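Both complexes shown next keep subunit A, but they swap its partner, so subunit B is in the first and subunit C is in the second.
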Partner chain A sequence: MIWRWGIFVWIAAAMAAAFLWAPLVPVLQETTRVLYFHIPAAWVTVIALGWSMIQSVLYLWKRDLRHDDHAAAAAELGLLFCVAATVSGSLWAKSMWGSYWNWDPRETSIFFLLLIYGAYLALRGSLEGDEKRARLSAVYSIAAFVAVPPLVFVVPRLYSTLHPDPILNASGRVDMDPTIRLCFTAMLVGFTFLFAWLQSLRVRVSRLERRLAT
Partner chain B sequence: MPSDGSRSWPAVWAILRKECRSEWRTRYGLNAALLFAVASLTAVTFAAGRLPDRPDLLAALLWIVLLFAALSSMSHAFVRETEAHTLLFLRLVASPTQIALGKLGFNLLFLLVVEAVTVPLFLLLTGAPPLRWAAFGAVLGLGTLALAASSTLVGAVIAQSRNRGALFAAVSLPLLLPVLASGVAGTRAQWDGLPVAADARLLGSYAVALFAVSLLLYDHLWEE
Partner chain C sequence: MDRNWVVLGVSLLVWGLLFAWILRVERRLHDMERR
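Presenting the complex of A and B:
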């Protein structure tokens, strides 16, 4: 309970600071604000997919269905945050590039991530039996994670993109106004805890559902 | 179960031969894939006409035709076993890794045959400019390897699900999109006279990573 209120107050404060206190980046102007939602959502997407993969490995190793609950919950939340990152990015693209969708390498790679999550959940839906579903979904999740580093880190650097530099850019430095950086980091932390809280809720629901079914 | 050591490769080889023989008896998968490739080629060339001066379009169309021809029937190596209830017998004589490696070899051969028919036909019908064979061969070969590795793993998973027919392409595609992206970029680059090394490296490392992860996962495909 205290966690929930803590996260709520933290994100609300960070959002207020981002809108009222942080300056605008000259080229981006008002669209600077999307930075505080879009990047944390993309960040959580990658964390969720990574967490889903780690839990899948743990499931294959330990054969404990609790790991499968974690893997499935992380994939569901990853899909949610991936949609949030895609939609916020698309709105930004409309105002900066003039169209909602341009198949820029960054847009392409996040869209591929959406498909991976979607395919994972579709696969889960078509497998019968807790153990079989957990085992085969884990196999797919681990194999699918092979696609993540090329999509997130290689493709956008290999092919020319109009997307602003990622946070860890080519020179390895973070070029940001200190105030923007503070608000942005606060949102990043807030989103990460939001994910952790939602994840714990989803896992608890899965456990209760299984207990009710048996 | 003979899962390792010196007995491994004869089992893989036996499964590969068995796959080729049972495919040759019915030729149902191969015929379907070739027919699909020719039909989609016809549709593409009919709709777009000859495109000798558009290597960007040619590269995209070639990979889409290849990918969809492969996806239309590459799950059948495993689905066939499930439908005929023969997987259990296969597992009595070989470990999951041996079965999967045998099927991977078969899928690789299957793709090469499909490509041997589709690619020349594509070049002929679209009036494509001459190929730089080494560059094109590298991109196509590495893409084929990645395609076979992914189809084998996903095929084995899908064969155990309910609506296998519809799901295979949907579940395979996300894994294959990096292959499609760099395959198209590499093919276009070789027509444009640009270096293909970066695309080939990406394709190669993706294919190797997919194959290495598959090797670790094959043993978990069947357990009951």
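Presenting the complex of A and C:
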């Protein structure tokens, strides 16, 4: 139980530090605070989808449904965090660029990501039989993840974008105020642990569902 | 009152409610697993 409260205190402290201690980025002003939610949500999206792909590979290799449980849970959570990143980004865009949606390369990429993983969940929902669902979903998940690095890391760098430079810029450096960087890193860590906790819960729900169905 | 404190307070409240909800879900899940 203690580590759960650790996650709570960690994220609460990072939020407080972001509001009360970290300076504002001059061009962003008050909207700087969205940074501490928007980017960690996008970060967890990539981690979750990557974990889904790894578990899919493990399922095809070992044919153990526990890996399928992990793959499905991670894809669901990845989609959830992707929606969170999209909504927060859209509100931020309204404030900074005057419109909720601008078909900016990053916005377009995340839109395709939502479609691809929405289709993954639709596929899972349409298949009967645990083995068949797990096998076809695993193949789809692996194929889907091939699109993630280009959509998240390559496309937005190829075209001119309204978004600021990536955190790790073209010269391989992180140009960020040290205080902002500390709060930001703390949120990344907090979100990652939150994802791990939610992932374990979702997997337990899947196992319980299977136990009740048999 | 400083707007910073208001927004921070709302953010912490939302995070607290979400955390409490996840804990509740976990407790119920634990009960169901033991049955």
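We take it that the second predicted complex is superposed on the first by the 214 of 214 C-alpha atoms of A that agree within 3 Å, B and C clash if a C-alpha of one lies under 4 Å from a C-alpha of the other, contacts with A are read in each partner's own complex, and residues count from 1 in each chain.
As a convention for this text, contacts are C-beta pairs under 8 Å (C-beta built on N, C-alpha and C of every residue); 3 or more make two chains touch, one makes a residue touch a chain.
Every value quoted in this text rests on a predicted model; they were computed, and no experiment measured them.
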| item | value |
| --- | --- |
| Touched partner set for A:Leu79, first subunit B, second subunit C, both or neither | neither |
| First (subunit B), second (subunit C), both or neither touched by A:Ala143 | first |
| Most subunit A residues touched (candidates subunit B, subunit C) | B |
| Which of subunit B and subunit C A:Arg135 touches, first, second, both or neither | first |
| Partner chain in contact with A:Ala122 - subunit B first, subunit C second, else both or neither | first |
| Partner chain in contact with A:Phe19 - subunit B first, subunit C second, else both or neither | second |
| Subunit B versus subunit C as contact partner of A:Ile11, first or second or both or neither | second |
| On subunit A, positions contacted by subunit B and by subunit C | none |
| Subunit A-facing residues of subunit B, complex | 150, 153-154, 157-158, 160-163, 167, 170-171, 173-175, 177-178, 181-182, 185, 198, 202, 205-206, 209-210, 213-214, 216-217, 220-221, 223-224 |
| Parts of subunit A lying in touch with subunit B, wherever the complex brings them together | 60, 108, 112, 115-116, 118-119, 122-123, 126-128, 132, 135-136, 138-140, 142-144, 146-147, 150-151, 154-155, 158-159 |
| In the complex with subunit C, residue positions of subunit A that touch it | 4, 7-8, 11-12, 15-16, 19-20, 30, 33, 197-198, 201, 204-205, 208 |
| Residue ranges of subunit C touching subunit A (in the complex, touch as defined) | 3-5, 7-8, 11-12, 15-16, 19, 22-23, 25-26, 29, 32-33 |
